[in-house]
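Got some structures for you, see below.
You will see chain A twice below: alongside chain B first, and alongside chain C after that.
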Partner chain A sequence: MESKRFVGSGSPHIKDNTCTKRIMLDVIISLIPAFIAGTILFGIRVIPVVLLSILSAVVSEVVYNLLSKKPFKQAVDIDLTSVVTGLLIGLSFNVKVAWFVPILASIFAIIVVKMIFGGTGNNIVNPALAGRCFVFISFLGLSTAYVSGGWVDPNGITVGATPLANILESGSLYNIGISKLDLFLGRNLAGCIGETSKIAILIGYIYLSIRKVIDFKWPLIYLATTGLFTVALNGFDFRWFMPSILSGGLMFVAVFMATDYVTTPNTGWGNTVYFISLGLVTAGLRMACQMEVVTFAVLLMNIIVPLIDKWIVPKPFGTIKKQIMPPKETQK
Partner chain B sequence: MKVKEIALDGLIRQNPTFKLVLGTCPTLALTTVAINGIGMGLAVTFVLICSNVLVSLLRNAIPDKVRIPAFVLIIASFVTVVSMLLEKFMPDLFQTMGVYLPLIVVNCIILARAESFASHNKAGYAALDGLFMGFGFTLALTLMGVVREILGKGAFFGLTLWNFKIEFFSSAPGAFLTYALFIALFSAVYSSIERRNKHKRTLKPLADESLSQDATIKEVAKEAR
Partner chain C sequence: MAKVNLKTFHKGIHCDDNKHITRDKPIEKMPLVDDYFVSLSQHIGAPSVAVVEKGDTVNEGQLIAKEGGNVSANIFSPVCGQVIGTEQRLNKFGVPANYIHIKRSEGQVATLPDIDKRDAIAIKERIALAGIVGLGGAGFPTHIKISPKKPVDTLIINAAECEPYLTCDYRLMIETTDDIITGAKLLAKSLNVSKIIVGIEENKLEAYQLLQKYSDIKTVLLKKKYPQGGEKQLIFAVSGRKVPAKGLPMDVGVVVQNVATCKAVFDACIKNKPLYERVITVSGLGVNNPKNLLVRVGTPYAKILEYCGGIKDETVKLISGGPMMGVALIDTTGVVSKTDSGLIAMTEEEASLVQPSPCISCGRCAASCPMNLMPMYIDFYTQAGDYTTSIKYGVEHCIECGCCSYVCPAKRALVQSIKLCKAKLKEKN
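Let's look at the complex of A and B:
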């Protein structure tokens, strides 16, 4: 018998209160500003959309657990990852989305992308993005009819193309009729619930950075690369820099989805390579397809992550000073 | 007895699509609608039966060193026959199958059966093997086609059921997902049946030979002494 005062354990002997549930709780807290901003901008219909996607994500995880013959207590005891997945899915739709679209996205994200591959921490791509991609392919008309948000005034809601789509399609910055301040605050522009208000995303980003849930460097590297490559593709016209960063779902994805622990490389250099190439892919595909492709860019790079991890192997302990990373077993 | 074995092998135990994972290319590309699956399956079945019989009849005449080119030659001639027949009598199906019809020549199922079964079995058995392997393939393709048609097009064999389409299932990623899920389901059901059979087999001798238990106990007691 082992005595209780002497606990033998495997090699990482660092003690911390970091666990999946705490990290996921932090992510949920950091998403609340985006949710509130979405509710203010797009009206009360945001709440059922988000709640439906969270609920269907949680229910599908429990049902899968029960189907795979787990005991009831274990099946109900889910970590908050599926709540985060559902929340992210809910926030990445426009308000007027048909009711079954977020439900199908959540079910696909949880059952196919996460649970079939082995549950939390074993998915090869980000579940929320894959779920969104699934419904994006399936119901093209239903999920892209973006609604522009009125500032507090719900009557001001009109259907229109997103500013990014306008910029990319017309190829010039001058006829979009929207100021950078509007882009930043999310006023009077069409888009998804969570992504339009950049200031809410920034609050979430700062919170996550302070709580050390994500490393503050990576979203910045991603955004900077995307902006600079867009500038380079347009003949080094630096007026493209801010609009390319502030429009579309780029910032939302950069902060909350691209930084997912499971689908990013394990090493610092690996992450550098990952986020820089993510920026290049995003900017390049945006200009080539003339539409918002952040979802597909991140999914594409997620698949390459194992290769990056294979190429970039960290030096053995003792040769360099290493930064302690949070455990790579959680996901958003 | 052997006929039953061949039938079980072709339809379930060595189902070309779900168990051997052969001929994936037409499986993924042609199962968007159920009727294409049936058409492809029957075309392959026909070629499979004919080539199996001919390979089996010529098995002593074909030198071992050049058997693969010889098999391919036999298969290719039958594929040409099928594609000409289809072009004449079912031009619509011929159009939809497109490049996958001539590609039957290099379909792994046909070559695999010629190599592993027909080349050392009698012609009658080879024909049966071709028939059941082809039916296994057709069945698998039709099942996948039905599921993908219902989900992706809201229809069943061309009959519109409802106006709800998940277009993902009509596209290539949907094909991969459906295929993977079918393989998973098939192996789950198959292995559970296999386990039950094994369980029965182990229970039977114990029930029949209750004496054997006594004998072993006596032996153990002897050794202990």
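Let's look at the complex of A and C:
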């Protein structure tokens, strides 16, 4: 037999068939219901807004790669993370948003938040949220007129606030005139393209959980903590629970953005601490600021993630205080 | 079959076991070849010292190298023949090592003397004499393992065989159940323990049913999960005892032995035959005729593959051992040693050749680590050259099972990082 050369490598020699691209593709698939629902609710303009965001995110990454003198083949071989970022940014705007706002948000998210810090996996905060935050603050004057951050009546008849803004401002939920079912379906509401229809988000959530891309526990813990803390802050009035969960961008952020791998802790306990704190911060800030602050709450908590991972390190197997030796059944 | 409560350990991974390729193939005796290269270092510890010289005539089963230190083992000639000399060859890690080259000719089979009475000391001496080492893969000399410095109350027989593809232990259990149980009892006798527990994975039900007929040993059915056969994981699954971190099984009163080792003990004590052959699984989609083979130590891999119908052109990887912890061979010039359990030729379809990409901190490695470590940070700090910080994330406790690399979506070489880090830390001390 001729002496053939084989590939040498370290163990293990078999690997799971999932990969980064596949995970990102799953996230994109899970966002499709929200995109479709947004198109149905807010009309055809949703499509150019979202596509523009995605395109500018992808182009930013490729241009950055080319500017940093990567070979062309490597520069265009992008993992789908920038598509996800662009898609999330597009879905988190109001449909009437000025065309340059999502573009700027995507460019900021990819160039400043992701690529400068070292590309995929090295960003400190969630790029999509940071991009959204950037344009929200930069165009605050503009956004109160038509609310680029996304709180406006989609029909443009009455420039007004979202149900959440109404609730928070009036301090009561009885005079907003919106049923929980409407909140859930996203009917007759002002809001952002992807955030309004909760049922679409729910479909995405179920898909991600089944594909095991995200652990189903974390969004639930986040939502429950936010709801319960809002209830507690309002003198244990449980009527606050469902509206606080269903309104604003909370659900969207909880499922698609707060669960971003890079900006969450890496252990079960770390994540428990993270999502509970996130819920407390969200509810607390919401009540304190009287406005939708999920974006800021998550960005704030993102920064603490490395510390959580530093503090919460699991004990290796066998590090135990009490040794069960010998067990009763073997004492014969 | 009645529903059984399957025992297991925490975390770990589920992967396709691919055992169907060879599970129903009876063990075949491989015909003898002309040249044998017997390594002097087939175990953990000091290399053995050759006791034969160039030109000597040796018989099958004759001592050709004796133990070369406290932790070492005797080595016997696999065939009758003439010693051509001691040669330097590259071992499977690519490091030069000494091999005794034996050219086969006709001759007699040498056996060990009978044992008069089989008491603890006699059995221990026989195991040491017969050169038995742990046949599960680690190759720790058995006579040292059965002389624990702490009191022991349980002998656990590792029949988990959790590595995908491998079926050699399974076939041994099916075909030589009696011998294995006798071997296990001899080991228990040498340890002065009465309790024997066999831990076996659920994908080996036939063997489990055969083992259940023995009323004086306890057989525990385990969940099919990798690394179920890891020593600490097996002890926990079978007895609920946790081996302390950096501790040994004897710290919790347990000694673990592999089924193939039990068979070797049986051969040495009852049949007076020292250890110079073992069963290996030749498998993978790259092999034309996958087989379970009884081969002599020192048989060149090329001859084994030839006997199994050769390998296909699509073969990209050749692995000595199991696919999770085995060593990738770059060519077929290697030879069988006592610790080889498999020879797997993989096509591109099975073997993962994807290049690593940046870590996305998904946390899957930590979620699958049976030792509860954080491989992503060990990798991160090792890549940065900060080996001491890795200790915080548990690098010293790693059993190198490969679960983290298996699940990594970015295909990062986490196990290599950990091995490098361990080596660098050792260098430092």
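Keep this in mind: the second predicted complex is superposed on the first by the 283 of 332 C-alpha atoms of A that agree within 3 Å, B and C clash if a C-alpha of one lies under 4 Å from a C-alpha of the other, contacts with A are read in each partner's own complex, and residues count from 1 in each chain.
The rule we apply is simple: a contact is a pair of C-beta atoms (placed from the backbone, for glycine too) under 8 Å apart; a residue touches a chain by one contact, two chains touch by 3 or more.
On a predicted model such as this, the values are computed, not experimentally measured, just so you know.
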item: Partner chain in contact with A:G10 - chain B first, chain C second, else both or neither; value: second
item: Contacts of A:S30 with chain B and chain C, given as first, second, both or neither; value: neither
item: First, second, both or neither for A:V112, with chain B first and chain C second; value: first
item: Partner chain(s) touched by A:F139 [first = chain B, second = chain C, both, neither]; value: first
item: Comparing the two partners chain B and chain C, which touches a greater set of residues in chain A; value: C
item: First, second, both or neither for A:T295, with chain B first and chain C second; value: neither
item: Touched partner set for A:V313, first chain B, second chain C, both or neither; value: second
item: First, second, both or neither for A:V262, with chain B first and chain C second; value: second
item: Touching partner for A:N123 - first (chain B), second (chain C), both, neither; value: neither
item: First, second, both or neither for A:C19, with chain B first and chain C second; value: second
item: Chain A partner contacts - residues on chain B that touch it in the complex; value: 165-169, 171, 173, 177, 184
item: Touching residues (chain side chain C, partner chain A) in the complex; value: 10, 13, 15, 94, 153-154, 164, 194-195, 232, 236, 239-247, 252-253, 302, 305-306, 310-311, 315-319, 323-333, 344, 346, 350-354, 357-363, 366-367, 370-374, 376-377, 392-394, 397, 400, 402, 405-411, 413, 415-416, 419
item: Residue ranges of chain A touching chain C (in the complex, touch as defined); value: 1, 3-16, 18-20, 22-23, 79, 81, 118-122, 261-262, 264-268, 271, 309, 313-320, 323-327, 330, 332
item: Touching residues (chain side chain A, partner chain B) in the complex; value: 104, 112, 116, 134, 137-140
